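All chains are identified by letter, namely A, B, C and D, in their written order; residue positions are counted from 1 within each chain.
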Amino acid sequence: MPVTVKTFTSTNEAAAALSSDRSARYLGGGTLVMRALNEGDISISTVVRASDHALTRIDTGGSRITLGAGVTYARILADRDLGFLHAPARSIGGPAVRNMGTVGGNLFAPNPYGDFTVAMLALDAVVSVQGGLGSREVPIEEFLQSRDRQAGTLVLAISFAKPGNAEAFRYRKIARIKPKGGAVITLAAYLPVNGSRIVGARVALGSMAPTPIRARAAERALEGRSLDASTIDAAAAAAVEGTSPSDSAIASAWYRREIVSVHLKRLLSGQE
Amino acid sequence: MLELRKDLFADERDDNLKEIGKGTQRQDMLGHVTGTSPYFDDHKLQGMLHLKVVRSEHSHARLRRVDTSEAERSQGVRRIIRGSDVPHNLNTLLSLINFGKDDEPSLAVDKVRYKGEPIVAIVADSPREAFEAIAKVKIDYEPLPAVFDVEDALKPGAPVVNEVYPKNTFTYHETYDRQQLRFGDVDRALASADHVLEQRYQMSPIEHAPTETNGSIAAPDTNGRYIVYTSTQALFFSVDTCAKILDVPSNTFHFIGGTVGGGFGGKVDTLTEPLCILGAMLTGRPVRYVFGREEEMQYGPPRGAERIYIKDGVMRDGRVVARKVRAYFDSGAYTRLSSYAAVKCAAHLPGPYTIPNVYGDIYCVFTNRTPATAMRGFGVTAMDFAIECQMDKLAHLVGMDPMEFRILNSYRDGDMKAHRREAKNTALIECVQVAAEKAKWPLRDEFKRMSSRKDGGGIRAAVTLTPRETHAPPAAALQQRTTYDRAPAATREPPPPPSPPPPSSPPTPRPNAPAHGAARFSSVFGTRRR
Amino acid sequence: MTRHRGRGIAAVNYPIGMNLGGDPSQALVHSNPSGKFTVALSSIDLGQGMKSVTRQICAETLGVPVEDVYVDTADSDTGPHCMGSFASRGTHRVGNAVMAAAREARGVMMEAAAEELEVNAADLETDGRGNIHVKGAPHRSISTKDVAIAAQFKQGKTISGRGIFLVPLSDVDPETGEMSPATCYAHACMVAEVEVDDETGEVDMVRMDSAYELGRALNPRLVEQQLVGGAWMGVSHALYETTEPHYPDPVHGPRDFVEYLMPGPGDICPHDIAVLERPAPDGPFGAKGPGEMCANPVLPAVANAIFNAVGVRIDDLPITPEKVLRAIRAQGGARPQARR
Amino acid sequence: MAKTPLQFRHNGREVAIFVDGGTNLLVALRELIGDMTPKFGCGQGGCGTCSVLIDGELHLSCLTLAETVTGRSVETLDGIKDGPNLHPLQRAFADNFAAQCGYCTPGMLMAAKALLDRNPSPSRDEVVEAISGNICRCTGYEPIINAVLAAASGGRARA
């Protein structure tokens, strides 16, 4: 049975087409769905697209930043207001993948991919999804926890509070291959400072569990403290808590556990 | 940056040449930069069909039942190919040089021996339809215990990977489970050495990863022949392997290739051509069979893993006096070319050094993994890793500079090598000296003055007394030597003149022509010539 | 201080051609009536430069400019038998076959020229620019084009040649391993410098210095391609590559170029190369083969450099950060060796 | 099987084809238009041999659903020459011996062109970044980086 491509102008119709057909997948940048088709994934027999311009909109005007699900990494890199996201955007793929891949698709990318989502998790983003009855907002952590069941969901956008200070956001992807490689681990931290104290610390890790996760113990070690050497040591020591990394072609679970604290320490202390 | 050191060995060269030695542009460069170099897949044929294979999900299993009835009815399917459709469904690549027994089917029939082994081939109108049909092939497996470790495979009671070789080792000289090398009395030398160091080295499988995957396109040509566009690295190997498997004369085929998107050894195995041609024969249509990237990485043959044990004896003054090596080539489920690599590896011992006592046992072992094949440095790369790490450790042990340690032990012109041929045309010492110079690595003057052309031979040319092993059969007959071995070391004779033209009358059939259509390249490899 | 530098060396040799010989290759050379030559082979160019190096060998042997030669390969209908492009046999075996074929073709060409110039062929020489003249008398000259026209239309001669090169097959003694594996060997020495992160086990290449002895660099640019690319592959084998990351447990095999690790353009380091030429008595113009051996010294040189940097020996390939880190932990921290 | 009509600019020329559902742009270019310059290397987005420019942006044709280029402009290596003259990048790749097996070369050239079209004098790091999605198994990348830098400085010299 050949593949059927259905293109809709409205996200409503696209969402309906997705939810009514178990063999349907939404085509964003193509890096996941087209690859699956090329490799003979016959579970996909319908490809759904939507041409709604809202899907490719970047809104940085208000207190929250909204990225349409179809926004590519190249678009983010071209946007000065999104300078703090340039590091995660640049860490993905080569230039061609950055011209194609989208922030919405990244939410579904399995390890060792999905680096941008780690950044979104540290920013405590909210995912807008279109269901049968309209759109709803899902906290990103909740979205990721139920990701396996989201194949038929249409993601519209991802949004998060604009960081008060871009310096408060830090990101690092540890890859064997430079400048482009799959992640050994990915780290993102959002450390807003009030006076000299960190208030509302968020640390997110990629490749340390089946989906990106928050490093809650490290966050606790940072919360309410100033970012000095002893705080950094305490946070780094707690980084591995609650993680469940896997062995993969790129690195073992053991190795990931061993280095996550080293790299969190380097990220927090600004070391290369 | 590349520097030509014309000052070295200048007296051995005539540099008065016009075209040789020039950095002339590649003949194929214009084609490459314009994207017009013709790779096998750049041929567009009318009505081309696509071939995909059903691969084993198990590393070792009996095939209880293979049911293709639903797949045959699947949309777009033109032909299902089973093992019974392959005229000669058992082959070993080096049968063309009479080395080894046929041990590998094109399509598995009663048993699979590695995960990913082809069982059924499907020829369909489109890749998608082939994939859909693959999902409809029902295979009932009876999983068998598998063995993945080369030393486990040699233990009594280990699962038999390949019934052609029930001991899980390739058979050398019709009796031996290994290729031996014996030169001098290693055990005695180890006993009297100042230091003995035994170490284990390991290399896991490596993928060739050419940017172009393996593949071919076969199509019925005029006059009953088949044209085959191929990525092969060895055109006539592929022609003759196909002739044998498909049981037709080799001139049934017109193979075209020669422009290949990287090989590194991974395109020697004639992986796609036999089934591709068979597909064209059975459908009367052009057929394309190209590996996907995951197929290439996991089921295309890798550089095989090796495990190596080295035990060395070294004197306080830095002379290595004994080297004892046991190495296991992990051939995977079938022989392919690993049997050859083990012999090449034995010949390579003990590395580029003159060591008076050398002992080697090199095994080609079968395990339930993807069959291994040749790769850049075949039979040598892992051994060089082991030997050179070992040399570094030995230098450390005796407190010598590692560069000087190598110069001290380096082979020189006139020395006897462990495979019992004189070393000639050597240049290791000079390479070490020049590399040291480039890296600003200080060498003492006496080591700077040493030369590959000085102080070799003499006692270093002696074949040291080698103890006879109790199980040893009668002594081997005198060895046949190559032209070069007979030639004096210093002369530079041109290659022999071409042989006279062949008679114009049709060639008479050879008395020992093989039953299949392929011409054997040789009939003496691996058999004793007295 | 968590990063340590170290240097390591390795020296290797490599046999040229199929082990034990018995691996012939053939070549055919012929001219067309404009004095341009075609070489027909069935040998494969998989990037190593087979077409280009045999073209230069043919031109040199014929005594004509390289532009006047075109190498056509690989077609089983027109190209004569070749064992294949492997075992570092291309330059040596096929090169010799092309040389033999070109020598025979040159013989006919010189005879035809001699007939036109009314001299003895032994008194003629080529100028490498497309002319044949009487030795010591450059004005008594004829172009290869005119010779080819005369041979074809007047004299009825084919300016062509056949060549084969075969190293006779060697036997192997099953007991002692006595054998004649190869007729010549290439040589190399590599110095690798690395930087090791003792907290993560990561190894970065800093630089490489090397010397390769290849008999003769028939085309230094092609040699450079092989040596630079081959050393990159050596680094890749040393530090990155495996299809079975948990060998011998065959799990987690890589499926794509993200999972299969090879150094990217941001991982490469300066590599300074010296080429030595000790001509092989039976090589074409003394040439051996650089293609395979160039990767080999890199693997142990990198391993030895890691020891020099942090004092750990990793004897399992590839040398992943995990293996380095485990070894550093096992010895209780990095132990840098004497800097050299 | 139902086919979808598709019209786009291919190297400056309007083309119209019919594709099967799910056909990727690489297959459309090679099998339906006959432009063999983009190559199949993986179909996974990992090697870059199929790279083309879509409206001037670097894309992987194997991961591009063919019908999404309707009305757009697709440029391949076949279109970068200026009549019979090689593009400066092609000349620089040749001069620097930046190709061996030649299979990655079309994708490398397109990635390099995407860079130089936007940034005529890139730094070495920018060149490295620009070709980072393209795998070369032969050269070790150094000659390719040098070629792109040479083409860039050559361009400046002419300007």
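Definition applied: a residue touches a chain if its C-beta (ideal position, glycine included) is under 8 Å from a C-beta of that chain, and two chains touch if they have at least 3 such contacts.
Just so it is clear, the model here is predicted, and its values are computed rather than measured.
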item	value
By count of C-beta pairs in contact, the leading pair of chains	B-C
Separation of subunit B from subunit D, taking each centre as the mean of its C-alpha atoms, in whole Å	35
Gap in Å, rounded to a whole number, between the CA centres of subunit C and subunit A	47
Centre distance in Å when subunit A and subunit D are each reduced to the mean of their C-alpha atoms	29
Interface hub residues of subunit A, defined as touching at least two other chains	2-3, 37-39, 179-180
Contacts with 2+ other chains: residues of subunit C	46-47, 49, 221-222, 224, 230, 233, 245, 253-258, 260, 262, 264-266, 271
Residue list for subunit B, restricted to those that touch at least two other chains	25-26, 28, 126, 128, 209-210, 259-264, 292-294
Topology of the chain contact graph, where touching chains are joined (line, ring, star, complete, other)	complete
Subunit C-touching residues of subunit D, taken from the complex the two chains share	42, 44, 46-47, 97, 100-103, 125, 127-129, 131-132, 135, 137-145
Subunit B residues within the subunit A interface of the complex	52, 75, 126-128, 131-132, 134-135, 292, 294
Partner subunit A, residues of subunit C touching it in the complex	199-201, 240, 245-246, 251-255, 258-267, 320-322, 325
Complex interface listing, subunit A residues touching subunit B	1-3, 37-40, 42
List of subunit D residues in touch with subunit B within their complex	20, 22, 30-31, 34, 36-44, 46-47, 49, 76-78, 81, 86, 90-91, 93-94, 97, 99-106, 109, 135-138
